[in-house]
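In structure tokens below, several structures.
Two complexes follow with chain A in common, the first pairing it with chain B and the second with chain C.
And now, the complex of A and B:
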């Protein structure tokens, strides 16, 4: 991958280097973090912003984004209470962690329902742990995504969550990332979340990204480390206004017999990119990644997925469903890497696209790299329109063209939404995400 | 009720129906039999308004109005029902919800109020029990993963709920075992009445033992080559379609 990397920082990177100087001056991070942040900035400079042929950004045009003159989001903004309350998933009123413009806000968070099960500290504080320091040092050294490196360069703030051994709280934890946006020029905020699940603990997790006002770039990184026998069931909802850029890298590390299930739902914006990097480190690890995007107008959502099967007897499932209307664009670039020795791997991947207009665009690149000889791996992609046979069937039962089409497009997305393990989230998605399909 | 006059129709420019005339009155059951490729299913699709099939000549009057000019959904709302030979699977669409939507579309069209889910559920339970359908089929996706028999039962369930004036059942007997055939036929018989009519499309006489037709028509190469009473079906069963196609050729 390094073959496509630029050799020296160019014009596009310079404003971000200037921002970083300002960041170090205004909010100097504590010692250990500062070292990492500087290493990350170095990595950012080496990687450079992607050009058109960059493998990781084949389908994602970032020229417009990196050409913006961003300011850093300030620290003190507090969203309107009413807005904030509306973003809290019913049932998470006492188990919600709030980040505003990338800054962890203890004053707006409430985790009383999880008392005794979880520990929550500011990110910089968690980095006093030398094991974590090494983890992040390695992550920065190996980082191949320039935007994740950019986030790491600004990593002082954020939140670190630990679910204690064998804890299995009933209430889901909601990590709510609010961008307050800007009424002037575009602003940049970079949330960072670390989640550690200790052995045999089970976490129910909802991550929600939303914006109070438009005109921002939210560039998030989330590290999820699941130890032996631990489990995470997650729903990840992206719901920014159109005039926003949303990048998020989710890095998942799975120990033996641990599990990570997630369902992503994207409303789209002018540019959304999800990067999943998952490593199944020891036998028995299992990962399931489902995602649904419903797009219209000029909205874009891009998924970049790398799943590394590093040990035998691991399982991964992926299902993507995209509905594109208007001039929207979607892409899924997903590779499953079965490393040498990862025998008896089971992996499947399916990408389904429903095209509702002639001008919508879907790029798919399902890919397998297998270095073991006793594995079962499948992958595939479909692109289609609403089935005329299904339309005819529904119409012969008296449903109008409009109703029939709506029913069929909604059902296409519903099959992923139905895999969301939180009824309140699924209900909201059915209400609002699928509402985008109503004419 | 239904008057088909010299109907020519086809698919993709090929003429499949080459002049069919048939008159169906309220209260009657007509069986249309014929060998593979004779145009039986085409007739069903043309009557229901499949967009890929075009009538090129002739006319079809339904209750005195030009049926061919009506949209597919309009025909359904006015009481025309097609029981599919191969019911379409629609994953993600809840069966009960779909049935209620179809039922309410009909009610709204008739100027009545929509029924809420609870009230509809009572009707649905009763109709499903009548067809020996298990309650689990309510909450499954429409026809998705249903066995052949359950799909056909689901077609008849839709017919029972929509109470059409004229139903065209396209090979409803195919793929059914004897028990399922008896149940499905029983369901159809319950829906027979002086106010509605039925067109049964079938290969075999077997179905007609359970649903007694008033008239039997033999379709071959796009034309009705013989019509008669129910005894004709028995003759066909004994002598095969060759008997007619060769004598009429």
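And now, the complex of A and C:
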């Protein structure tokens, strides 16, 4: 047993503690931020990197990642103009915020299409607000994900966005996180995004993660706070090169009658882990989370979801569709927690996996924790393959084996892509993500 | 490791420990505490073959290196393993003269469960007349079983009579170091059941611990080993619906089933241990059981059915290792928690062979302030072609202070599998009860009807008389929880 438990405490964490010292020396964060960063570092040391039997990382092997000697990505690297332009979603040319290696770049951003509706400030500046300070303090104290704690320990830069009360801009806001990567040793960058949606405001949001060069570890944290009656429709696209580690924690807090709707699409990389932590705080809050992953080769995508129904009359929906081929691995570990008193909760969760290869892995853990009796909660999970009957049906109609299989696998993934509320994003996903299914 | 360095002399100093180097062995109970000497003493006391002592010591060494698991969704104060006496010889209970001497509360329970009078006497430990003599019943059964070659005896007896069979199979399904409680059991178990069904035999009756001679307390560390040889089948019943009390708080049993080619084992459990004070939980039993079956042969089948209604804490995952091609694993469970009981129970279906199939039906009912978790794993190995699983776990909540949890683990590593899992939660609503009551059906009967409907699929798997009693038991338990 002892072999599976974490090695001598601190051994794996030491390089990161060293990096942190360097970080404090080179770019000392301002007062309020520094206090939080130190508290987060403390939390990071307490949590420690997960061992193989860690319940939160049952399906995720992090040994390979933790063993790397990372350098911090420097400030000031600018990606090629052409590369950057290609990453901007059509229609977002004048509503894009760019973070390069975790640093907010006002010079590369353009939010003229949203003028009057949103306020954008560097993250550290937003923290002068004592309410937010308390929010982050609590978040750090309660943090159970060591990688999110690691991000918070290095919090200094990033972007804070506020959508003003009742504002409902037509143009979607794209938050583009670019990693420039490295041609030498692996580098670490930790973007931090804070989005506040004021009462009755409606935000259309596209977040995209991409890398110009490989060999990086992007460890992002995104906080989305939606106030009474606010709405967010989002698409979250992960498209890093294979030689990249991508960890992202999205923390969503929903006030009464607010809504959060998101569709995640993952292209996979050597290790991708999405962590959603959503809290439905007051009656009428609604959350919808759909996600699709199409993987091949050695790619991995792991979803870790915790949805807390803290108040009565809230609703949450989840749908995951995964296609795995080659030696790829996918996992969904999702828990819906219905707290005491959260009566009349409605929650559903469905995970569908399509396995195209004998060497691929699909692991699922759809959990329910229910502390109230007048609720309706369901979950389901399936693992299967392309149905021979459906194949036969298509072949009798003259489709070749290859075309028939493509049609069936693509339509499996397309059912999630079709829920993306931005035609330009959906079109790109259908073009490039589904291309992975072509032989 | 200082606490384990108690020497034999320390143990001997305690006056309650009379086991010594003289031939006169009358000891009833060992002194509290656990160390190698205690294990040697247990083994010697039971006059076990050499391999058994090695087995126990190996388990003990492994246990020392292990940590008590903390992943289960249950909370309890730490157990002091040195404050337990690891051997107590079966003590004859004081016989009562008539049913009049039995606690009226207990009698009321029997009556509600519909247990026949003679059986009530036996359960309440009243001396029984010649008509219902459990010993003679057992002897008759034993004779009948021997005729077809079925071995059914206490495992301590099997160690004397059939040591080679025990040595061949013991620990092959649940290895000594499998988990913390299994390791502890392997080191210190004192008795349990042993069943061997020879090839080509259909066991002529349902085997039950009821009929086994020597049914006095088997102690808190029970060990059961059932081997079903080629083309044979057996149905085994464990426990009973009557409330059971025990002074031992910790129960860490191990059950191993082995099914060879075309063999079929059906294992049914009804558990109703004392669950402690409904308000404080004081005195309730901790039921930490490791049950696992191995479908070793082709086309073998193991089916677990359990009705869990007692214990302060239940920690139990009857599992199937589907090793043989075309083997089948089944798990049917009803787990009811009330008061402040906590249950974390479920199953594991490990698919290793081709065309293996498993199905899981789990029904959890939680009432009052209790917590009820289903935790189940379905794992398909890379080479298990065409594996198929269907899981369904439903929870019912009675009252707004209880909780129900579902933790399925579904792991697939090949492309020919078909796995399905679904879960739901519901409640006994006032509307349902009102509907019944408006049609002249009493509240009690209404609850019975709703619960029975909910658990029907599981009860169907139980032997007839058991099913009837189990239904009544559930109603009885929920009596004051609804409405």
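Keep in mind that, in the parts below, the second predicted complex is superposed on the first by the 430 of 439 C-alpha atoms of A that agree within 3 Å, B and C clash if a C-alpha of one lies under 4 Å from a C-alpha of the other, contacts with A are read in each partner's own complex, and residues count from 1 in each chain.
Definition applied: a contact is a pair of C-beta atoms (placed from the backbone, for glycine too) under 8 Å apart; a residue touches a chain by one contact, two chains touch by 3 or more.
All values derive from a computational prediction rather than experimental measurement.
Enquirer: For the overlaid complexes, name the partner, chain B or chain C, with more touching residues on chain A.
Expert: For chain A, the partner with the higher number of touched residues is C.
Enquirer: Name the contact category of A:384: first (chain B only), second (chain C only), both, or neither.
Expert: Only chain C is touched by A:384; chain B is not.
Enquirer: Return first, second, both or neither, reflecting whether A:357 touches chain B, chain C, both chains, or no partner chain.
Expert: Second partner only.
Enquirer: Between chain B (first) and chain C (second), which, if any, makes contact with A:278: first, second, both or neither?
Expert: Neither partner.
Enquirer: Now for A:408: first (chain B), second (chain C), both, or neither, which partner does it touch?
Expert: After superposition on chain A, A:408 lies in contact with chain B alone.
Enquirer: Counting only touches as set out at the top, which of chain B and chain C does A:397 meet: first, second, both, neither?
Expert: A:397: touches chain B, not chain C.
Enquirer: First (chain B), second (chain C), both or neither: which does A:367 touch?
Expert: Once the two structures are laid over each other on A, A:367 reaches chain C alone.
Enquirer: Per the definitions at the top, what is the overlap between the chain A residues touching chain B and those touching chain C?
Expert: none
Enquirer: Which residues of chain C touch chain A in their complex?
Expert: 65-67, 71, 380, 382, 395, 397-425, 427
Enquirer: Mind listing the chain B positions that touch chain A in their complex?
Expert: Residues of chain B touching chain A: 48-52, 71-73, 75-77, 81-82, 84, 87-88, 90-93, 98, 101-102, 105-106, 109, 141, 158, 162.
Enquirer: Considering only the defined contacts, which chain A positions touch chain C in the complex?
Expert: 1-2, 55, 58-59, 340-341, 343, 353, 355-385
Enquirer: Report the residues of chain A in contact with chain B in the complex, numbered from low to high.
Expert: 387-390, 392-401, 403-404, 407-408, 410-415, 418
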